[in-house]
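First the structure, then my questions, so here it is.
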Amino acid sequence: MSITPASQLVIPKLKKYTMDTLLSRGVRLDGRRLDEIRRVEVKPGYISRAEGSALVRLGSTMVLAGVKTDIVAPFPDTPNEGVLVVHAEFVPLASPGFEPGPPDENAIELARVIDRSLREIHAVALDKLVLEAGRHVWRLFVDIYVLNHDGNLYDASMLAAMAALLTTRLPAAVKEGDAYRVDRSVAERLLPVNHSVVTVTLAKLSNKLILDPTYEEEEIADMRLVVAVSDDGRIAGMQKTGMGYLSLEEVSQALNLALTHSSLYFNAIREQVMPYREKLEKSLGQEARAEEEPGSSSAVASKTV
Amino acid sequence: MGRIMVRHRDIVVPGDIVAEGRDVEYKGPFLERYGAKIVALITGLVTIEEKDGKQVVSIIPLEGAYIPRPGDIVIGLIEDIGITHWDVDIASPYRGILTVQEVLDKPFNPAVDSLKRYLDVGDYILAKVLSFDRSRDPLLTVKGEGLGRISEGSIIEVKPSRVPRIIGRKGSMINMLMSETGCKVLVAQNGRVLVNCPSRDLEEILVLSIRKIELEAHTTGLTERVKEFIREERRRRGV
Amino acid sequence: MTKGDKPRLITWEVKDGERIAVRHDGRLPDQLRPIRMEVGVLANADGSALVEYGDTRVIAAVYGPREAIPRHIALPDRAVLRCRYHMAPFSTEERKSPAPTRREVELSKVIREALEAVVITELFPRTTIDVYMEVLQSDGGTRTAAITAASLALADAGIAMRDLVAGVAVGKVDGVVVLDIDELEDNYAEADMPIAIAPSLKRIVLLQLNGVLTREEVDKALRLAWKGVEEIYRLQKQALRSKYIVYEAGPGGGAGR
């Protein structure tokens, strides 16, 4: 059952007033313009134990995503596709408002929105993760770990998930009788990726739309609209979250902002993730040559951004 | 120039535009202005009154919970007993509080005496609302003429929104009910009705009549129809 | 059934020299399914409604405003809204476990947030308003039918609201943007966009997009949804009024309920 939350943060009326006045002049409490995002920092390969990982900092929001893999039977309705699982943990160390326990509705909603944004546009080439159709396929777990919550968890988590997937190396699948075993000592190929996707979150505050809201701004905001944008400029998902409403004009304005400003996150992928991906690709190529194996299906979608 | 888009006694539902124009007057919590429009917030009956040559619109809800108002007479059910107060169910989202000072005229010493001796769980009381502002639970009193424990009769629960209709304009409906059935009827503001009837049959007829009023509260000519109904039932049952 | 066996969902017919898209059930792209609504269907609830969009059938009940239990969940300045969207085990092709799924947790949340935008919770501080929605039969568009039913049940309970909320799902099927998609269309849709609107106030209170659309297609989908929602809104008002109009039949009308 979903219950009206008690506000975590009591915002002093005076501060709210200051915020409103600033917003009407097009500035925010931290000096940013309404459409300005905080500094983005992406560190791919942060967890060497994981098949893929990335640490994202968006201002002081910090999200870590890791990709782990195993081999399972496919779902009966998709025998020719690998399996993608997205899970989010709002770890208690990330905020005084987070508590230990199973994911609450906010964590579940975030994981599901990211899952859909990846899935619907076929960001990951799940059809290239089949070992034996109908019997053995790769399963990808994308685990999103929120480490510090200062707002805009959607954009930071989506970026972390995307960066982790773009730098995921699939281990070797060793056939043993009728089954497959994962051999993580050998990285075989990069995860095949068709598209990059980012989300752009707009918060509605004093009837203005702002990008990349901080925790404080989110607490005062009427609602947020999360817009997933693909690297080919299509809209790959939307989610209104929070108690308020939008007019038709505001939706239109939000979509325009999301489409134009998605480039900020795509730039971060291009500048901070792709060089690492290329490095991984090269090292895989060298390993393959060293072992004198025919370059195993490194059919990586290099068209990605 | 303002324009009222509904007629007196029309049924409105949330979102209905009742009037347009800044100079239209309205009252009560069930209408709200959005720009030039005045919008209904609840399912109810439109009332249009003349005041100082101007028309004033308001809505009488057809459904909804009982919200206490100071001065209301309510019928409460004792639910729990504390050290120096009773918790009283008054058929409302807010629980009534009856303190010992509002029951006894003498000093009360909880060390040697128990509230249970005066009012017990399960007792009905007739009480008056002393104060209420939604931020604290309503305080009740049974000090006053006719107030206190209810020792005889039956209680019928009706929708609180139907209370004005059961009483009728200047008591027309309730007086008709009493004279036609010979029962004594007391309608509390919280939708509980206390009845004392000369016979089982007459009580049944009264209950059926009250249910009929509840169902048809928004219609016109109801008093006459209910009177007809009671006479027909009495003829049929021979009482 | 695998996703490989995609049926043909749109056929093109020529009528008066124009190409017209016809859907698998014979509907045009901008056509709703037959919609039925009934208010006050559960005697125990303070408000209730049954809503059908074609074969999708949802029942909603409202209890409240009532005393908040446990007391610590109460808020000092407004009522707490509690919402549960749930699917009956027999509502789907394969039995659905009655335990709440992640999907149901998410939908309960987005529906609650949509209703919070219209319910005037400030009128009843320290109380709860409970909204329960059960999908009895599922054929696509269950969350939007649920919110339509929930808003009727709230109005039936006499809870003050700024407007009713009407919902509908728009989708893109075989490249065509269509109104009120059913389950078959949803299974193979390129996009499914559930939306709920408070029409009188022109406020969008629920908006999701599962799938991929271009900017122009989103605009088209929004326009189509708006048209559908206005028709659903008209039916909602009719259903609420008809509860009272029935008894105007005359003397003796409206015995028992």
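Every chain is named by a letter (A, B and C) in the order it is written, and numbering of its residues begins at 1.
Note that in this section contacts are C-beta pairs under 8 Å (C-beta built on N, C-alpha and C of every residue); 3 or more make two chains touch, one makes a residue touch a chain.
Only a predicted model underlies this, so the values are computations on that prediction, with no experimental measurement involved.
**Q** Could you pull out the chain whose C-alpha mean position is farthest off from that of chain A?
**A** Computed centres place B farthest from chain A.
**Q** Specify the chain with the shortest distance from its C-alpha centroid to the centroid of every protein C-alpha atom present.
**A** Located nearest the centre of all protein C-alpha atoms is chain C.
**Q** Where the CA atoms of chain A average out and where those of chain C average out, how many Å apart are those spots?
**A** 30
**Q** Can you work out the whole-Å distance between the CA centroids of chain A and chain B?
**A** 56
**Q** Centroid from C-alpha atoms only, then distance chain B to chain C, rounded to Å. What do you get?
**A** Taking the average C-alpha coordinate of chain B and of chain C, the gap between them is 34 Å.
**Q** Can you pull out the residues of chain C that are in contact with at least two other chains?
**A** 198, 201
**Q** Going by the contact rule at the top, pick out the chain C residues touching chain A in the complex.
**A** 1-4, 73, 75, 78-84, 102-103, 105-106, 108-113, 116-117, 121, 191, 193, 198, 201-215, 218-219, 222, 226
**Q** Provide the residue numbers of chain A that touch chain C in the complex, in ascending order.
**A** Residues 1-4, 6, 76-80, 105-106, 108-109, 111-112, 116, 120-121, 223, 225, 230, 234-248, 251-252, 255, 259 of chain A touch chain C in their complex.
**Q** Within their complex, state which residues of chain B touch chain C.
**A** 11, 13-17, 29-30, 32, 34, 39, 41-43, 61-65, 67, 93-95, 134-135, 161, 215-216, 218-219, 225, 228-229
**Q** List the residues on chain C that touch chain B in their complex, please.
**A** 46-47, 64-67, 76, 118, 120, 123-127, 155-164, 198-201, 233, 236-237, 240-241, 244-245, 247-248, 251-254, 257
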